[in-house]
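The same subunit A turns up in both complexes below, where it pairs with subunit B and then with subunit C.
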Partner chain A sequence: MSDQNKSLDPRIARLELPQGESIVKPDEYWGTFEVFLQEKRGKFHQHVGSVHAPDQEIALVFAKEQYARRGKCVNMWVVKTTDIFAFPLADEDMFTTTPDKQHREAGMYKVRDRIQAYQEREKKI
Partner chain B sequence: MYGGGFIPDENPKKQTEAVAEDPALLAEFQARIDRGEKIEPHDWMPAMYRKQLIRMIEQHAHSEIIGALPEGTWITRAPGFRRKMALIAKVQDEIGHGHLLYTAAETLGKPREQMINDLLSGKSKYSNVFNYPAVTWADVTVIGFLIDAAAIVNQLANSKGSYGPYCRALERICAEEAFHLKQGHDAFVYLATGTPQQHEMLQAAVNRWYKPIIHFFGPSDKESVHSEQLMRWKVKMASNDDMRNQFLDMYVPKVREVGIDFPDPNLKKDPETGKWNFSDPDWDEFYEVIKGNGPCNAERLAVRKWAEEKGRWVRQALATPYTKSTVPLA
Partner chain C sequence: MQSLKNFLYTIADDNLILGHRNSEWTGLGPVLEEDIAFSSMAQDKVGLAYQLYQLLHTDMGEGHPDKVAFARTETEFKCCQLVEYPIGEYDFSLVRHFLFDHAMYELFSMLTTSAYPALAQLAVKVRGELKYHVLHADTWLKKLGNGSEESKARMQSALNYAYPLALGTFEPLEGEQELVQYGYFEGMVVLQERWLASILPVLETAGLKLPVNAEATFGGRKGYHTEYLAPLLKEMTEVFSIDPEAEW
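Entry: the complex of A and B
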């Protein structure tokens, strides 16, 4: 930039701004880690997003800066994204019948009617 | 901040090259969106949906990063400790927002390095407002209050969109924006209700920023071929005009109540239509700035390149055997 010294900004006017192109190389920003945050002791860690980092320790530092600037947090996990193994989203139909499995639910088991019928029957005798 | 309201479209010739999609998949995709379901990274999606989202999220990310530059250089000159602390927190948030958005765009298959290269080469755009200088502290105040407010209108709309990772990022961003807006309003009111010199300095800054603010949401998009399709896919959630109108509805009164006004005698709400009228904000200038000819385009990119070059040795020093790029999960 030829007129760099004309910047209104004193801090920028002092920089030696680069001339020409800048190119970022592939992989320069590393891989990603998934971040899990625990809001309170006793609660589950929950997925909150991801960070780019060169290793797990730096990932934790970036995770704290990125996801724990505000609000409650007592602990964080980071996991390499490639280490997470998940069902394909397209397979979500395998869960669709789950809500129909009433035999697994407490609400399915109702015997009050039967008890009442029994008691009425017994009284008659 | 800074959901750069307006996303410059590709040149119209390229736009017409529609990709033929499987009609059955397309119908299923549309039905899912109509049911209010979110689309996730590994779901099937039309090529145009992917492309538009990448462009939109990427440009939004660039806007966050570049937008932090005019404010960031005022940290050392902020008037007083309280304002300085607020500005540091805000600028860090903006960089964080950039990160969240880059991550969301990466889930669609464009690596971060490529996005940064497209920014540095000028291929990829960012919100036009950041190509204007922050001449005084009052300019920072106007950015913090009114540009953030405009961005929130845009981001709140987009957070109801159809792409899961973008919505999740925006929800988080909007929560933090609430603080940005409040601290901006606080600083704005202090100057407006301060000494006559402070009041005058603020009015001068509002005069400088009026046009960029009207430009922020982009020109009327009623004639855009793509808008309708993108709205059906919940990529674009509201028209430029509607968002601008909503912004004026909410913020003109807040500016006027402290004795400041926008420098436009035609800025009036039509009581019949409920729409705001304003003078022609010089859309030629708008397109010139997009092309790279604004007052600060070159400086912004040069500073961004400087950061890239000066930070490289740190990234290299940190490099480990498992530093290959990966696509974030969600």
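Entry: the complex of A and C
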């Protein structure tokens, strides 16, 4: 490819970095923040994604345009990803029997029959 | 009313031209998130210009917004020279965004009580949007002003360069007295005072200093522009000019 045809678009022509080992300094790499968005006052903030940012203030500035430029939003939170304490993915099996435990749902109890019978009686009247 | 028309063109042209300029960063911004934020704010500016051209069209019998934006000659544009300058490096673009958006925020805060109801209504609507633009600009200015030696020096020299141009935003308008008299707008002198009062505390926190004895670059409001406007207009109107009567 001749120089004349070389694209100026950095997505195509990558920056010519010096050969050899590259060392990323701590302040050259931004960490991530998780973004939580509240659609309406009183509703929960819900996780919508993440942003790269050098600190929480910039994270909030970025979060607004990444996640709240189209839909409804009244407030946002950002939390450093590393501050989120989570179960290891390998522990997913702790949750496997949850769908089987129907005794934890009100619909499972005998009284349900009586409620249904009552509702049908009411309907007839 | 000629003075009101002129005033609306002035604000609309500032926003259209800077919106177009700033959109040149799209795809090339320093990081993905900033690219999206900056592009989105550029879009807001074009949108604001459109709404002002729309007012001129429906309330004052001026041409359709597309025609007004894409079919006027260079000397018919009322924009200040600040918005015409090329995007340069990100330091200049950020400082210009800081200086200009503070002026817009103060202007539209002022216009919420304008005696022209449609303009007051528009001002209430866009003020929130401009509040974000100012937050974005202030956050970066403080970070970079207090960052490394290089970032501080770059911000200071961009400020030295952009400040006289920014003062040109407040060039007296034709018929300004009439606007003040009718309560449409409080005037450029008051606006400049409020603008200074809002940028100074941020500059102080950022450790940046306004250049002394800066002289305002006037001319834009009277149709005298820099060499940079003509090429911008040529590019911006390229598609429109192929077929001005096309229906979109």
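One rule holds for everything that comes next: the second predicted complex is superposed on the first by the 82 of 125 C-alpha atoms of A that agree within 3 Å, B and C clash if a C-alpha of one lies under 4 Å from a C-alpha of the other, contacts with A are read in each partner's own complex, and residues count from 1 in each chain.
The rule we apply is simple: a residue touches a chain if its C-beta (ideal position, glycine included) is under 8 Å from a C-beta of that chain, and two chains touch if they have at least 3 such contacts.
As the structure is a computational prediction, the values presented were derived from the model and not from experiment.
Chemist: Thinking of the overlay built on chain A, is A:57 touched by subunit B (first), by subunit C (second), by both, or by neither?
Modeler: After superposing on A, A:57 lies in contact with subunit C but is clear of subunit B.
Chemist: Quick check on the superposed pair: does A:30 touch subunit B, subunit C, both, or neither? Answer first, second, both or neither.
Modeler: Touch status of A:30: both partners.
Chemist: Please indicate which partner A:65 is in contact with in the superposed arrangement: first for subunit B, second for subunit C, both, or neither.
Modeler: Both partners.
Chemist: By the touch definition at the top of the document, which applies to A:81: first (subunit B), second (subunit C), both, or neither?
Modeler: Touch status of A:81: first partner only.
Chemist: In the overlaid three-chain picture, which partner chain does A:49 touch, first (subunit B) or second (subunit C), both, or neither?
Modeler: First partner only, subunit B.
Chemist: Spot which of subunit B and subunit C makes contact with more residues of subunit A, would you?
Modeler: Per-residue touch count on subunit A favours B.
Chemist: First (subunit B), second (subunit C), both or neither: which does A:18 touch?
Modeler: In the superposition, A:18 contacts subunit B only.
Chemist: Please work out whether A:111 is in contact with subunit B alone, subunit C alone, both, or neither, and reply first, second, both or neither.
Modeler: neither
Chemist: If you lay the two complexes on top of each other, which residues of subunit A touch subunit B in one and subunit C in the other?
Modeler: Comparing the two interfaces on subunit A, one with subunit B and one with subunit C, the shared residues are 9, 11, 30, 51-52, 54-55, 58, 65-66, 69.
Chemist: Write out the stretch or stretches of subunit A touching subunit B in their complex.
Modeler: 1, 4, 7-9, 11-12, 15-18, 21-32, 34, 47, 49-52, 54-55, 58, 65-66, 69-70, 80-82, 84, 86, 88-90
Chemist: Going by the contact rule at the top, pick out the subunit A residues touching subunit C in the complex.
Modeler: Listed in rising order, the residues are 9-11, 30, 51-55, 57-58, 61-62, 64-66, 69.
Chemist: Which of the residues in subunit C come into contact with subunit A in the complex?
Modeler: Answer in residue numbers: 27-28, 31-34, 36-37, 40-41, 132, 135-136, 139-140, 143.
Chemist: Within the complex, which stretch of subunit B touches subunit A?
Modeler: Counting only subunit B, the residues touching subunit A are 40, 42-44, 73, 76, 89, 92-93, 96, 99-100, 103, 106, 111-113, 116-117, 120-121, 133-135, 168-169, 172, 176, 298-299, 302-303, 305-306, 308-309, 312, 315, 318-320, 322-330.
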